[in-house]
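Shared between the two complexes below is chain A, which pairs with chain B and chain C, respectively.
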Partner chain A sequence: MAQIFHRGTNTISRVSIIGGVLLIGCIITAAYTIDRGSFNSDVAVVKEQPVPFSHKHHVSDDGIDCRYCHTSVETSHFAGLPATEVCMSCHSQIWANANILEPVRASWRTGESLAWTRVHDLPEFVYFNHSIHVNKGIGCASCHGRVDQMPLMFKVNTLYMNWCLDCHRQPEKYVRPKEQVFNMAYQPPANQLEFGKKLVAEYHIQKLTDCYTCHR
Partner chain B sequence: MKVEELEALEKPAIDPGTDHIVGPGFTNATVTDKIANVALRPFRSTPMVWFLGIGIAFMLMQGLLIGSAWLFYKGVGVWGVVIPVAWGFAIVNFVWWIGIGHAGTLISAILLLLKQDWRTSINRFAEAMTLFAVAQAGMFPILHLGRPWLFYWLMPYPNSMWLWPQPRSPLIWDVFAVSTYATVSLLFWYVGLVPDLASMRDRATKLWQKRAYGLFALGWRGSTKHWTRYQMAYLLLAGLATPLVISVHTVVSFDFAISILPGWHTTIFPPYFVAGAIYSGFAMVLTLAIPTRKLFHLEDIITSRHLDSMAKVMLGTGLIVAYGYMMEAFMAWYSGQFYERFMYLNRATGPYGWSYLMLIACNIAIPQLLWLRSVRLNVPILFMLSLVINVGMWLERFVIVITSLHRDWLPSSWGEYHPTEFDWMIFAGTIGFFLTLMFLFVRILPAISIFEMREVLHHIKHRHEPQPAPGPAHGD
Partner chain C sequence: MKSSSALFITGLTLAASGCRQDMHNQPKYKPLAESQFFADHRSARPQIAGTVARGHLRIDAARYTGKMGDADITAFPFPITRADIERGQQRFNIYCSPCHGRVGDGNGQVVRRGFRQPPSYHIQRLKDAPVGHFFDVITNGYGSMPSYASRVPPDDRWRVIAYVRALQVSQGSTLNDVPADQRDHIEAQTISANGAQQPTNAPPANPAMPPQPGPGERR
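The block that comes next holds the complex of A and B.
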């Protein structure tokens, strides 16, 4: 009786054992990479904006406070985007004729708002409030990174739920004195965990991991 | 295939009675021929009844496809589930199917370890039934999720939400119990098939058939080394599968018993669920084995001895189930608990009283006929009884799920449950899917374990011969 399989089938069957394991490994690695990488999270991705606004220039070079533009960050869920008039409070005097600022002047003339592209965009099913974070000692830079060093704005954190929970489960890792919240260059002390625990008690930071805290 | 072989296929077989687990005159070669030819016969000599059966089953299966497609599109609202009855047909059917699956593991693992040689003719068959029943059962928990495409959230995997399944919930224990069961059943079934697939490969006449069987036979040559390792692997798998017979339905019963609902919160649930599972499993094996042995003339391999033994197992487990029902009624009275007592009276006389009466009739009253030897040996009556028990066991889960839920603690939230056409369509669809798989199985694979039948013949032949004197022991 002739053989029903070619001699090479032996090799194929042996390779397929190792190959199967490798294939599954590759699929898992690829899925993980896509899920956690910039492709999905937009971390470090610069988005197209109507005006190439530089936080680095305005914060580092000019020394403008975050709250000069993001006026409602201490009182509202929304930090607030500056009205065109806020831009024009300076730019009617300096760089008043710069081509790059033409969209701002156009907005001022017509009354039509500038349509910025959101960089930090949480899904609708998440309730997020800026004021509670700012008032309980979470610094701007803790979530938004060193904005004062970004010529163009991008995300440094994924805003995934595990990232939120990293702090919500252990706020003492990140909490800082209230007066340091807007300090971009703040460095945590060496005994942050101990110090943080003290602040958590002092600021009454609580109920951070109820589902209802964020999903209302 | 030669003409005389084809003619042999049509020859009716004679049941050798309850004293024999295999008909007279079989040799290793003829028993192999007989079983292998059920699958290897030419397409045109397939019995017409087979085509009719698979046709009906396949049409029924469309109900599952249409029903679940509409369910995915519209959501669980297409079912009859409304608060307070939030668990309807999906859970009833899940428990029913998973229970049916239990006979396979019991026959293949526990009866193997207990050296019951009558298991040999039916174990392959029962294992396939187990596998297909678990496949049906596995669909329902996924179908009943509001967002079924997120079913993988049931598994613990490193996710970007940092959320893990709740380990205190029996529903999560269920996921592990059922998936373990499915995996072990599949392995056990496949490992058992390997030597037979090699026999099929060697007997097949067409090259594509040789290749198909040969691929899955994994190069089995039947050498002594192969057999030694094989026996060890099979025994180990049997050992692994044995605790599963007890554990899986115990965990399923925890879905109910862990809650605080009257009618669910009972310690008798685990043993009585396990007994019920084996009860329904054996009923299903009989429901499938009786037509199959008739259709393919296997009466001399699946003999009255097998039917009789299975009927006795049904009688035994049926009595355990009856004890469970009795204890429920007794505890309702003895506990003096108002809610428990109300639940029991409502179950027996309330709006779903008809289902409770039918349940007692199908599961307790009618099966008492099995005490009679003449009933156990009467194949048509036994077949009818197996159908009655299948219905009864489905009703048991219906009664447990629906009557316990529809009367809540607060009379203001009382309600009733009415299954919709989609409930019925999907349920019937899984029966169709199950039968389709069974029809394909008996036509394509050896439905009876060939090599174990040869082993049985060997034992029968040498049983009455004088044993050789034991030689000096060899150290190894």
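The block that comes next holds the complex of A and C.
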């Protein structure tokens, strides 16, 4: 009986099996990389803003506290964006003629809002509350990174659910003393886990992994 | 048939993974989000005149204006505790110290950058000023200083004033004003602070910043 397939078909079948597996692997790796990378998460991507506002300058050089502008961070789910009035507290006199501040002055003159681009834009099926985090010992820098060293604002964390859960499952890895929350340069102690467990008990940190904690 | 349905499912999966935004961007406003509905494009609406938010009824004039009739009140409208002064210190350092400096000498970082210097709290006029005067200044602004009413709630303003009073006492005091049992503690702190840093006549660790550049220049 004659062979149905040519001998070379053996090679083709091997190559196609191995190649198929590799191809699927490549597709999965590529999808994962794109999903986790800054293409999708916007990590480390600087967004265009009406004014190239430098947190580094205002926080590091001028020593202004986060709460001077983000007034409601301790009392509300929303940290608060400064009204034009807040910018003008200083810029009525300092850099009062600088070109880059013209949008601020225009907003002050006309009463129209400055249209900032949101950098940390959570999906809207997630409930997030700033006040509970800062009042339970989670530092600004734990999520936002060293904003005091950023000339232009960008995200340092994906804000993906697995990232949230990393802390919600083990808050002792990140919790710090309440009086250190706004200290951008805080360094955790060497025995953070042990120390963190003490703080978790002291601050009554609990119920962190129920679905409805964030999806409500 | 089998292969075509597999292809269909694959295609559907790919398509679904591409349009995941409808739950991400729901038809609702986040705080301060832009609105196409209102003429001024703001979703955050200004308060209608005469609205009183829950917990914001302010019928106690002395507590919420710092005045009785036309005169500044001279006593705090509620008893000041240690916790109030500590809260006042924290709020002072956030909102006031950029200009007034941490000790209230009017030499804060923003002043070093070129903002008009406020008077020191340690001049006689302000030592004599009634507490209601400070409340009025925080609430309504004074000279170059804008209103801080939107940033410091009324009771926190009183706590800040209590801390300003504490600063005023502290700067004119000598060791003899400290209770006898606390003096050793203060002396030990002073010695260790001077020993660890440079002698007091050396230039400060954080000298005044260079004058601000001309308009349009970027730092």
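Just so it is clear, the second predicted complex is superposed on the first by the 205 of 216 C-alpha atoms of A that agree within 3 Å, B and C clash if a C-alpha of one lies under 4 Å from a C-alpha of the other, contacts with A are read in each partner's own complex, and residues count from 1 in each chain.
Here, a contact is a pair of C-beta atoms (placed from the backbone, for glycine too) under 8 Å apart; a residue touches a chain by one contact, two chains touch by 3 or more.
All of these numbers come straight from a predicted model, not from anything done at the bench.
Student: Which partner does A:E48 reach: the first (chain B), the second (chain C), both, or neither?
Tutor: In the superposition, A:E48 contacts neither chain B nor chain C.
Student: In this superposition, which partner touches a larger number of chain A residues, chain B or chain C?
Tutor: In the superposed model, C touches more residues of chain A.
Student: Should A:M161 be classified as contacting the first partner (chain B), the second (chain C), both, or neither?
Tutor: Touch status of A:M161: first partner only.
Student: In the superposed arrangement, which partner chain does A:R36 touch: chain B (first), chain C (second), both, or neither?
Tutor: In the superposition, A:R36 touches chain B alone.
Student: In the overlay, answer first, second, both or neither for which of chain B and chain C A:F78 touches.
Tutor: second
Student: Go through the superposed model and pick first if A:M88 touches only chain B, second if only chain C, both, or neither.
Tutor: In the superposition, A:M88 contacts chain C only.
Student: Where on chain A does chain B make contact in their complex?
Tutor: 4-5, 10, 13, 32, 35-36, 158, 160-162, 165-166
Student: Show me the residue ranges of chain C that touch chain A in the complex, using the header's touch definition.
Tutor: Where chain C meets chain A, its residues are 23-26, 28, 30-32, 34, 40-42, 93-95, 98, 109-110, 113-116, 144, 146, 150-151, 209, 212, 215-219.
Student: Which residues, counting only chain A, touch chain C once they are in their complex?
Tutor: Against chain C, the touching part of chain A is residues 57, 61-65, 67-68, 71, 78, 81, 83, 85-86, 88-90, 92-100, 112-113, 115, 118, 123-125.
Student: Of all residues in chain B, which touch chain A in the complex?
Tutor: 158-163, 201, 207, 210-211, 214, 219
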